[in-house]
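You will see chain A twice below: alongside chain B first, and alongside chain C after that.
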Partner chain A sequence: MQDNSEPKNIERRRFIRNGMQLALAGTLVGVAALSVKKTRASGMVWQIDPFKCVQCGRCATECVRMPSAVKCVHAYNLCGYCDLCGGYLKPDPNARSTAAENQLCPTAAIQRRFIEDPFYEYVIDENLCIGCAKCVAGCTSFGNGSLHLQIRHNLCKNCNECAIARVCPAEAISRIPADKPYQIKGGFRKTPAKDKG
Partner chain B sequence: MKRKHINIILVILALAIVFIIGKDFIGNKAGKNMDNPYKLDVDQFKKIDSTTVLYNEIKTFQVNDSSPKGIAVAGKQILVLTEKQLIRYDYSGKELSRFELPDTANCIAPVTKDQIWIGMLHSVASFDANGKLLTRWKNFDENSVITSLAVSGKTVYVADAGNRIVYQCNTNGEILSKIGEKNEQKGVPGYIIPSPCFDLALDDNGFLWVANTGRHSLENYNHDGSLRTAWGESSVKIDGFIGCCNPAQFAILPDNSFVTAEKGIPRIKLYDQHGVLQGIVAAPQLFDNGWYAPDLAIDVNQRILALDFDRKQVRIFEKNVNGNK
Partner chain C sequence: MKFDLKYIGWLIPALAVSLLVWWLLRDPTRQFHESMPGQDNRGNDSMMVKEIVNIGEKFQLFWNTTSDSKASWTNFRGANYDNISANPVQLKNSWTENQPAINWSVELGEGHAGPAVYEGRVYLMDYDEEKREDALRCFSLKDGKELWRRSYRVILKRNHGMSRTVPAVNSDFVVTIGPRCHVMCVKRESGDLLWGIDMVKQYKSEVPLWFTGQCPMIDHNRVILAPGGTAILAAVDCATGKILWETPNPGNLKMSHSSVMPWTFKGKKMYVYSAVGGVVGISAEGADEGKILWQSNAWNHAVVAPAPVCLPDGKVFLSAGYGAGSMMIQVSTSDNGYSVKVLKEYFPKDGMASEQQTPIVWNGLIFGIQPKDAGPLRNQLICVSPEDVTKPLWTSGKEGRFGLGPYLIGDNKMFILSDDGTLTLIKPDGKKYIQLAQKKLFDGSDAWAPMALVDGKLLLRDSKTMYCVTVN
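Entry: the complex of A and B
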């Protein structure tokens, strides 16, 4: 009588090898599926959470669009309409005037308009804005935080992977539903809400 | 042979994935550490000379509520106002009692004669020491945002940031006069209040001081509402006030010197009765961020109590060697 059974150690080796192959193939399929999921999110667009943004400047330098698809937006209902605007003026201005040397914005993209004593309105010229967040830093540090950045969807190419999101140190950029494509301060709130004046 | 090929392909694919993920990881890490060519260096304005620090923080305790709104001292107890309650603590931070409030609260007056005055959103109420409601007036309009109260005898001063005005009321809530409306004849410039930071306090002589935060000044009024005097300067320098709405909070010591708390660059400073800077109570480095200026109270030992809204802590400061010189 002939014994056809393989020695036990060969059987074990084959079992381990098959297991490893299955695990490796499974991992590859998993990674591929994850990548597809990450890059193809239909009905979603990239947007900045203004409460997470730390004004690092990457939005101006990293966007594949030049100038950046990120622009400063103004939540007028939060603005103090101050004469001494921390978003418009350098922290130690020579005068509260529209003179270029007193302006914080490197591209003079903010217009200051007199409304009535003592109030001024600040309007962003999106054609000039490069999304550098310098004014956002000024308004956040010294004002009410009404100036903030948003990705403008008329300019954004909705890349599979947002070049700014990759390097944003605050992880402030994520995909949100395309039917609510903006996170404007004032309506959109940080959670939990903080209301102390 | 066939199996060998599959193995080789799988290993090559795995190595490729490891390479791509590694490259991405290293690339992202480097990207996240890049310099910012557009940096606005706010930290330079936070630097202070340590010899100008006149106070040390001697005690800190956590407030047992997520929405603290104001602080006051009543004898040996510390009162912390929250949105819905008033909590009493002893100086060790032990909670002694708490009572519910009838509406959303916003500010508390310095306590006199065991009567506690609290500013709600559109109303003002007073309570006895046990939390029994004594009076409540609801005669403010829907634009009102009551941000500060001070009581002197039968007069209650009410700061309304929404309407940018101070009401002088009697204890029944009748408005006797409005203080701070722009009036060139009385020398009153009018309030600029860009945010709900609008504090007031009474000095030792019973005269009213109001923080005109948009003008970066503290204004002092006669009883008829005319302007007596004012001080304060807009400046990034340590002796000035910067930002849209500062000093956001202040309190007056028995010698009529001023303690001010600022938002933006968070700091607490001490000024003499003429508005000359004496030194620092709490440096910006002691605070997490500048979203909210701490509310202030002074106790009988002239210690400064600050309610830190970010950390939700009561922080007590006492004069140090520099301060006692």
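Entry: the complex of A and C
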């Protein structure tokens, strides 16, 4: 007569072990799915349409953050790298130099670096930028429009009612999906519907 | 432990004084950095490397053709320097869906150089980006075939395009100015080289930002140049290249992107040039030919592209870009000679201004497109009276915005090309904006070059392609 008790014990253990493994795998998959879901936020955030912005300067004064969560960003692929930069230099500057009296930016937040004749690179120091849009107005009027404003989401409190959007004369600020939180020129293009006005 | 209160009485004032001293000595601006010149590490001008340029060294003959056409657009702003075609060909008042048709197109190097036309041949100063050559290209107006090319090697770096001047042509000669101030004169039909002048070497000219924009003038077989540097104006014999006269430049005026304009005021013929640093009127005839008649340094801006608009009553309208705005001056004569008075000076938002193109005078009124920094009127076509250029008689309105592109008049119709290749036809009028037709001709960018209108054919271009469009 054979003893069948040993095989029964092994099957029970295997059953429990397999069950534990399955539960663990399920938990891992669940956590991974939750993580993926979390990285794909379905919320909305405030952002500026650079093609609607009229550089009125209110982003600097109306934001609840001080200094403003609106910063100038630079689309380098649009920049002409000009020596006479309408976004960096005041109109009719005394000289094309880095002297304070020639700079348009009130906080010297734009650094100008010589690359090679006749090209210069312009880099924004966001810690100094107050979002006044003076450089954006200059670049838009006299250059390629590579300097433009964006709401920085590491600074923005995403208020239910954005204080700047309330007063923006061009209605350039609106909620956009949080998974695409920026509208950077170059990649983001003006749509034909937005052409007029 | 016993604590004496009197020490506290001493300690508190001492602490307060220490704090006061600390506060007074502390520099609240210690983290500030001064913005001084030179922090961009501006380098030496490597564009001035002593490159040997043999002006007009190469020639290629591609094709030969004849033409019955007798009409011409001989230079920047046409034969009368007013951007109004005198050609009697009637042009259409409206366009159907397929009009205006593009006859032909030609690929060009990136730039904003416009064409000149003489009896069926189109002359264009191009830059060949592969060969790194300035190239005067001659095309057939009929079909756009390239007939010949006269070129020379000159190294340019892409800087908002390269070529940007219109040749000057007459029955015998074609004269060009290249991006780096190289002047070339060739025989009109054959393209044979006659002579060349490097204005940087000859006159110590300073190549303007974004390269030369000055278009040459041929006046009675003399080329009129504005080198700046050691001579503010110079006249060169077309046939020989001999310098006939030079106007000294004691005021150190510099070459701008503007072009020399002819003007006859109170019977005296003169050349007017809006330079960087001032505006001058220089005698064009008689014993004092080449002498400065009048000058004003009140007009002084870094980037000047529009040509001076000279009016019959002695007014000269000046405009410049980059926020400079405009100025109206009054030139007068007396027993002591000429005098200049500034009548008005203002920013773009306060009156007619122009960034690149030269406004047109038509029936005593001035037509022009406002720059982007002109406030609510930005990019609109406006019409003003010379008596008060700050009060528009009409504007094209919010829906009628254009760009930095060119405009001209022919057969009492005005053609406006927008940056993106949209052509608009309007009827010039002193009372209101009348739009007749509009069509997007091509998907273009930076269509800024001056146009030419010949025999019902409008020649225009964007940064890379030239088109011939039928408008009759």
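Criterion: the second predicted complex is superposed on the first by the 150 of 197 C-alpha atoms of A that agree within 3 Å, B and C clash if a C-alpha of one lies under 4 Å from a C-alpha of the other, contacts with A are read in each partner's own complex, and residues count from 1 in each chain.
We adopt the following convention: a contact is a pair of C-beta atoms (placed from the backbone, for glycine too) under 8 Å apart; a residue touches a chain by one contact, two chains touch by 3 or more.
Predicted model, so just to flag it, every value in this text is computed and none were measured.
A.B. asks: Touching A:46 in the superposition: chain B (first), chain C (second), both, neither?
C.D. replies: neither
A.B. asks: Have a look at where A:92 lands relative to chain B and chain C in the superposition and call it first, second, both or neither.
C.D. replies: both
A.B. asks: Which partner does A:112 reach: the first (chain B), the second (chain C), both, or neither?
C.D. replies: The second partner, chain C, only.
A.B. asks: If you count the residues of chain A that each partner touches, which comes out higher, chain B or chain C?
C.D. replies: Touching more of chain A: B.
A.B. asks: In the superposed arrangement, which partner chain does A:166 touch: chain B (first), chain C (second), both, or neither?
C.D. replies: Touch partner of A:166: chain B, not chain C.
A.B. asks: Touch test for A:56: chain B only (first), chain C only (second), both, or neither?
C.D. replies: A:56: touches chain B, not chain C.
A.B. asks: Could you list which residues of chain A make contact with chain B in one structure and with chain C in the other?
C.D. replies: 80, 82-84, 86, 91-92, 118, 137-138, 141-142, 196-197
A.B. asks: Per the contact definition, I'd like the list of chain B residues that touch chain A in the complex.
C.D. replies: For chain B paired with chain A, touching residues are 6-7, 10-11, 13-14, 17, 27-28, 31-34, 36-40, 42, 45, 66-69, 106, 145, 147, 161, 192, 194-197, 214, 216, 234-236, 242-245, 264-265, 290-292, 309.
A.B. asks: Show which residues of chain A lie in contact with chain B when the two form their complex.
C.D. replies: Per the stated touch rule, the residues are 21, 24-25, 27-28, 31, 55-58, 60-62, 79-86, 91-92, 104, 106, 118, 132-134, 137-138, 141-145, 166-169, 192, 194-197.
A.B. asks: In the complex of these two chains, what residues of chain C are touching chain A?
C.D. replies: 33-47, 157, 159-160, 209-210, 301-303, 321-324, 355, 371-373, 398-399
A.B. asks: Taking the touch rule as given, give the residues of chain A at its contact with chain C in the complex, in rising order.
C.D. replies: The contact residues of chain A facing chain C are 80, 82-84, 86, 91-93, 95, 97-100, 103, 108, 112-114, 116-120, 137-138, 140-142, 196-197.
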